[in-house]
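Following this line, the structures themselves.
Both complexes below contain chain A, partnered by chain B and then by chain C.
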Partner chain A sequence: MTNSPNNSTNATDAPPSVGFWGEAWQRFRRRKLAMIALWFVVLLCFTALFAPMIVGTKPIVCKYKGNLYFPCLGYYKNSWENPVFRKDRFRNRYTINLKKKDPESWAVWPLVYQDPYRRVRKGEWKDRQGNPSGTNGAPNRINLFGTNQQGFDVFAQMVHGTQIALSVGFVSMGIAGVIGITIGALAGYLGGWVDTLLSRFIELVMCIPALVLILALVAMLDNVNNFHLMAIVGCTSWTGIARLARAEFMKLKQMEFITAARALGASRWRIMFRYVLRNALAPVLVPITFGIAAAILIESGLSYLGFGASPPNPSWGTLLKSGRSTIQQTWWLIVFPGTAIFLTVLAYNLIGEGLQEATDPRLRQDSH
Partner chain B sequence: MNAQCWQNGFHRRIAIALLILPLAVGCSSESSDPPANPTGGDSEADAESPAKPSGPVVLGNLLEPFDPPPLEKLLAGHKWIDRPVVDSMQRMRQFQAELPPPKLSAKEALALRNDSPENNELLLDTLGRLAPESGDGVDYEAKITLMADADLKSTNPLLTSSVVESDYHGLTVFGLFGFDKDFEKFASSGSVASWQTSEDRMIDKIVLRDDLTWSDGMPITAHDVAFTFRAIMTDEVIVPALRQGTDKIRWAEAYDDQTVVFFHKQALSTNDSNLNFYIIPKHKYEHTIPDDPSLARSEAHSRLEDDPVVGGAYTLTKRNRGQEFVLERRESYYMHNGRQVRDKPYFKTVRFKVIEDLNTALLALKAGDLQSMTLNAEQWNGQTDDNDFYRHNTKGSGMEWTSFHFCWNLKAPYFEDKRVRQAMSYAMDYQELLDTILYGIYSPCRGNFHETSKMFPQDGNEPYQQDFDKAEKLLDEAGWADSDGDGIRDKTIDGRLVPFEFTMLVVNFEDRVKTATLMKECLESIGITCHVKPTEFTVLMQVMRDRKFQAAFAGWGTGADPDTNTNIWGTNAGRNYGSYSNPHVDALFEQARHEFDEEKRNAIYGEIHSALWEDQPYTWLFWRNSFYGFNKRLRGYNFSPRGPFHYGPGFDSFYMPVDVP
Partner chain C sequence: MFSYLIRRVALALLTLLLITFVVYALIRHMPGTPLTADPSMMDPSKQISAEEIDRLNRLYGLDKPWYVAYFHWLENVVQLDLGRSISQNNAPVTKLIAQRVPATLLLSISSLVLTYLLSIPLGLWSTVKSGTPAERTVSTLLYMLYSLPSFVAALFLQILLAVKLGWLPLFGMTSDGYESLSLMGKVWDVSQHAFLPIVCFTYGSLAYYSRFIRANMQEVVRQDYIRTARAKGVPPGQVVWRHAFRNTLIPLLTLIGLTLPSLLSGAVILEQIFTWPGMGRLYFEAIGRRDYDTIMGLTLMFSVLTLLGQLLADILYAVVDPRVTYH
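== the complex of A and B ==
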């Protein structure tokens, strides 16, 4: 290139290249459905992140006996709720006890006063009646999505359940991605006996049924939480990613720019993770996106069967499960969580598909 | 009808086993008609040598040597009292004869909606009437399909452990005793000719009828009874439930084919119940048990498992594991030498479909594929009120002495102290439980004995009410305060700060998980962390048996005799999963066992009830009543404190009339 002055001037005149990822993003943006899906997922992320502020029975912020507290943090982690409220025997009834124990206190409440973990009882919030139980909890102004048989608010459970659905997808595929890419990279790049060994290992892991492993784990652990499920799903679903990564690495290591890098004396790790990986990432991202959708389905399925995280676990699958026994009367227990699972899985699949078409050069030519 | 169906054998408490069994589909096995297997059936009716050691296992090796006196000497040496030999059907008939005639005709009763206690009573009063003694109008060709909530694990009566098995054995097994809906015990006139007890209550003499036949054509004799007793009292033979009671018997001796005599170790008021166990055929098991005391491994035993030799009214004809088992009426049960000697059982075929899911079962009931099933609160209240249900069915409910509780393991550091357990009971929100989770149709539990039973003390305790202040006060007194200020109560035990954090096990059923979760919510309010762990039923049972749990949500059905509670409350007793121990209670149980005056005995049990209530080894929650759906063709069902099936006559009195109104 440097030998030809003409070419070099042309290159400087042309607008700077947006690069592979920039180009892919431009292409992705043109796909309407994929973009809607992406926005949907972003919305879900916000919902998940701010769930306790959207719906809950603990104040977002309150002034109590001269100090500022953020009791709603207790929804993220029990111990983040200041122990002073427990010591002062609040018993999770902030609306009543704040004023009773300190008339000077004030509080900012979540948008909707409902709780995913218990039934809101009579007299908790001004003159409001307690949540209806049994099959009487059809959606209304107070219980936007109705209540389950026990009187738990469905909307509250759905909002807090978003956290589970999203984190299960992200964390498990994060784990799977790290393991898959590392093993795939090593196998593909190093080749030889390492490849043989790792490939056999991949095949071995493929034979382990994730579901059975999860059931065994649930039987062993006393307090199963969603991170256990994420870890298992992550540790068993990386095989597809590893195989793709291996193939990509095998292909890319033959390329000239790698030879050039090697000639320049770049270390093996630098080549692998700086030069090859960047170029191999696009095809690997696609199964990860699909994997997120699959992980959400697995979690919902497990909760539906009653093998999910320890109760009370406001996951969408749990809601579906409770709707099953009274399916003819409580449509809202099926429709809302069912729709949420469907839309989320669909969104991830659309994103995955969009990503695939935006990054695969062959498909790119087809689409033009 | 003389059939000793259902009520036999199981005086003992049975764990409430409404379980799910997820992956229990195995190979299917079918068995043809029973008498097809003559091999090994040559019975030596040799009286004196009941199974002498023929293998490594000595039958009856848990028994101390005993030399029974000759029969003549025995008869002459004691004063004998005649004991009741009763036909449970007759007894029910007498009871119903004293009632005023039903207010409604069957047609009117079936048109009635069971939506109030009054209608429930009217309906059951009409439809619960027994068929005429002559059997006129009974459809003897009728087939009935019932629901089994789990697979039949074993057809061997000695291995019985769950409700499904006791349902199966209720119809197929041969036994000597029964009890009516008031738990009055008697010898079944279908099996026993006479029953006498010596005046000192140390000996029971039973004369069997001479027209009894096993399903393979061999006669049922006193030797079978004595042999079964020996088999149960063999160390190597693992009998999950049957040895309780029989271990109080010193010896069983068959003097001839009809006469069997039981020698007791002590004169106890529970001796009658101790005699009640399932009988197995000696000619089949005599040689197989010493070779295979597990009763399940050897080839001979697996043959018997698939093609069991039974002594009851029905016999197994088909068994698809995980799907269904089918029983047929056994002609050799009610016919003897061409003559009818017992009432003909009302059904030709009884089919048990294994349906683990109650929703599926309800659909089957609505479609007419099931003739009867138990309904849960949700189904009773909302899913069985429409025409869809009443097209083929009606429903009925009755009080049942089945209670549910949180069992605290006293060996866990948290629940050693009585005050902590009382605090637990104060923490629970009973109102919320009864009203929302249980749809307001169950009643609060007031302790070990049901308040309508004779054992419940006069002016007995009232149920606990939620009171957080009392709970917190008790916890503080017991030393469980929040010393490190993290909001969770803790206590220094052996120099280590232990936070109050425990796991509650619960069967993987929705209403039970909800109940435990409600407790979790309540405990959280007073600074205690409780993890709820839904578990598969068999796993839960195993963990509880091993005492490797901290707390569990469980339930008990009632035994026919209050003494069965010893097994739950006695120090180191088999089902004392919470390791409760109170010498006073132990002594009272022992005292009650030696008390023959009914009233005084009940008073002692009342005292036990109060002592248990004070100690709160359980947090008693609620009594689960019986709720059943019945096909409109069914008649003759009545409710006992053990439900409509498990007493005498129980299922025996179910029938279908020839013409349906």
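== the complex of A and C ==
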């Protein structure tokens, strides 16, 4: 979307224009807080992407009976873990079984040997004690952020939970963006009875209490997974985007370049999605960014209420929920995930605001 | 104006009809009925036979398809009967809701008053001191507060003030032995319990409103008439209060209209965290128990308030701003 036609036929040697997005990026870069927030989100993305290599109990690479394997891929998807380990009955105890079944084997381990889905037991890793359970799992050198009541490591759950938080934000807002832009575009560009009908529809969805909608949809599913949650959040939070897109399309369709495109014989769809959408994208991106923050909040709130994905599910909200049940003793189950939720939401809000100020022409003169 | 109102109300009624229809369809499609979702039914000794369930289903009209039941419900609502809660021993829904109103109003009204009392001076102060280090610090702090999810803040405050320091009770609305307290003791007890929920309800909107006021003020102080006022020697305080702030009241007024539903809606997660016996909790419990009539009663109330609030905002807009008229 950055290659706007800027190779104009200027006779003078003016420096090439950087285009709308280039200019917006330059303006965005000047905002220190927004840049810190952006780096924070990038860091989170890397954490999410490489979570099994940061914390886990499955080797990143290991040599076993003469072959190289990558068991840590099993954290992404169960079937990506080579079946040979299941056949040899490893039962996820790689440290012990690798030595026992093949003395020649070697392995490269994740940075921290802990697991988000089970309790690490005594003797698994050198002569380390097993994880404490109950309310005794205060943070220490081995369990950086402590352990929960079942002895699962909180740091491991939080690192793996990053995947949920980020993907919920991106995927659900992707869905919401597609629905919202399509409906808003149709209503705004076509106008007339289509507009009346779609506007009423948007209002209707806005008025239905989001919680009823979400809880009812969650209750209808037997086994909720994170993709269900993403779809549900996406399908309930597109109204703001639709309204904004509608307003933008209504404004833009009266511009001269659209008249020009129509005069050249461009089809309706081509005008809508090639000419108008491109120019409406920047303002629509702002509520999408804020929406990501809201989606992360909804997901953690639902997990907190016990309506999140079915266990085992290392979501930040689930950690808060288990912390709430023993709030008198287990502060670490609340402070760490709570801070993570706060920082992530804050980062997206800061990025959203930076984006708004960088792309909104009305605010442009005001920025120093 | 009158014909505009008629049109708006007609449209609102239609929206209301559609909302209740959709919500009714949704909740009737959730697995389980009020008869099977009740936890006491899990107890084998209390389990009722299939014939008994059939009989009760017929009695409560649960054997009918949902769309028939919806029109039955609608018929009752038109006669101002919101129905009865099956899982709460057939208590009337209006009574159940009325029981929860005071607790929710206590939180929402005190938080609303606090928000306005604090955010207006804060917004004006940050306009006057715009650009100074103090203002920047406060604005950044407010922005961070705005991004702090209320349920995270609630849990943090509980840990700090209730668990570590022991100054405030952890949850509930009253202590044990509340009945035996004197009147002053009762007030003190409830206000102690209400302190944390009110703080959590307030800080987010405080941050939002003061930013909102500041943004509006910054637009206004650039206007020519402000420069004129300054030039003719109006004291700076008066310029801000009388010339600038008055002109930012219009968007603020419409916001009041839009906060109307939140007065009674409560907040599900916050009330859950503080075990506060308010509307949000009733809603949550009703969904868990598949208590159809209660869910519908609450949905109806919230939707009416939402639509009324939107209408009120638009009317207020026309009342305070002579440039706005509706046809």
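The rule we apply is simple: the second predicted complex is superposed on the first by the 351 of 368 C-alpha atoms of A that agree within 3 Å, B and C clash if a C-alpha of one lies under 4 Å from a C-alpha of the other, contacts with A are read in each partner's own complex, and residues count from 1 in each chain.
Criterion: a residue touches a chain if its C-beta (ideal position, glycine included) is under 8 Å from a C-beta of that chain, and two chains touch if they have at least 3 such contacts.
Only a predicted model underlies this, so the values are computations on that prediction, with no experimental measurement involved.
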First (chain B), second (chain C), both or neither touched by A:326: first
A:123 touches, of chain B and chain C: first, second, both or neither? neither
Which of chain B and chain C A:22 touches, first, second, both or neither: neither
Contacts of A:151 with chain B and chain C, given as first, second, both or neither: first
Contacts of A:219 with chain B and chain C, given as first, second, both or neither: both
Which of chain B and chain C A:135 touches, first, second, both or neither: first
Touching partner for A:334 - first (chain B), second (chain C), both, neither: second
Chain B versus chain C as contact partner of A:204, first or second or both or neither: second
Contacts on chain A seen with chain B and repeated with chain C across the two complexes: 219, 324, 327-328
Contact footprint of chain B on chain A as seen in their complex: 78-79, 81-83, 85-87, 89, 91-92, 117-119, 121, 133-135, 149-151, 219, 222-224, 306, 310-312, 321-322, 324-329
Residues of chain B defined as touching chain A within the complex: 358-359, 378, 381-383, 432, 435-437, 439, 468, 472, 482, 485-488, 503, 508, 510, 513-514, 516-518, 520-521, 524-527, 529, 531-536, 539
Residue ranges of chain C in contact with chain A within the complex: 11, 15, 18-19, 22-23, 26-27, 29-31, 140, 143-144, 146-149, 151-152, 155-156, 158-159, 163-164, 170, 268-269, 272-273, 283-284, 287, 295, 299, 302-303, 306-307
Complex contacts: residues of chain A adjacent to chain C: 33, 200, 203-204, 207-209, 211-213, 215-217, 219-220, 293, 297, 300-301, 304-305, 320, 323-324, 327-328, 331, 334-335, 338, 341-342, 345-346, 349-350
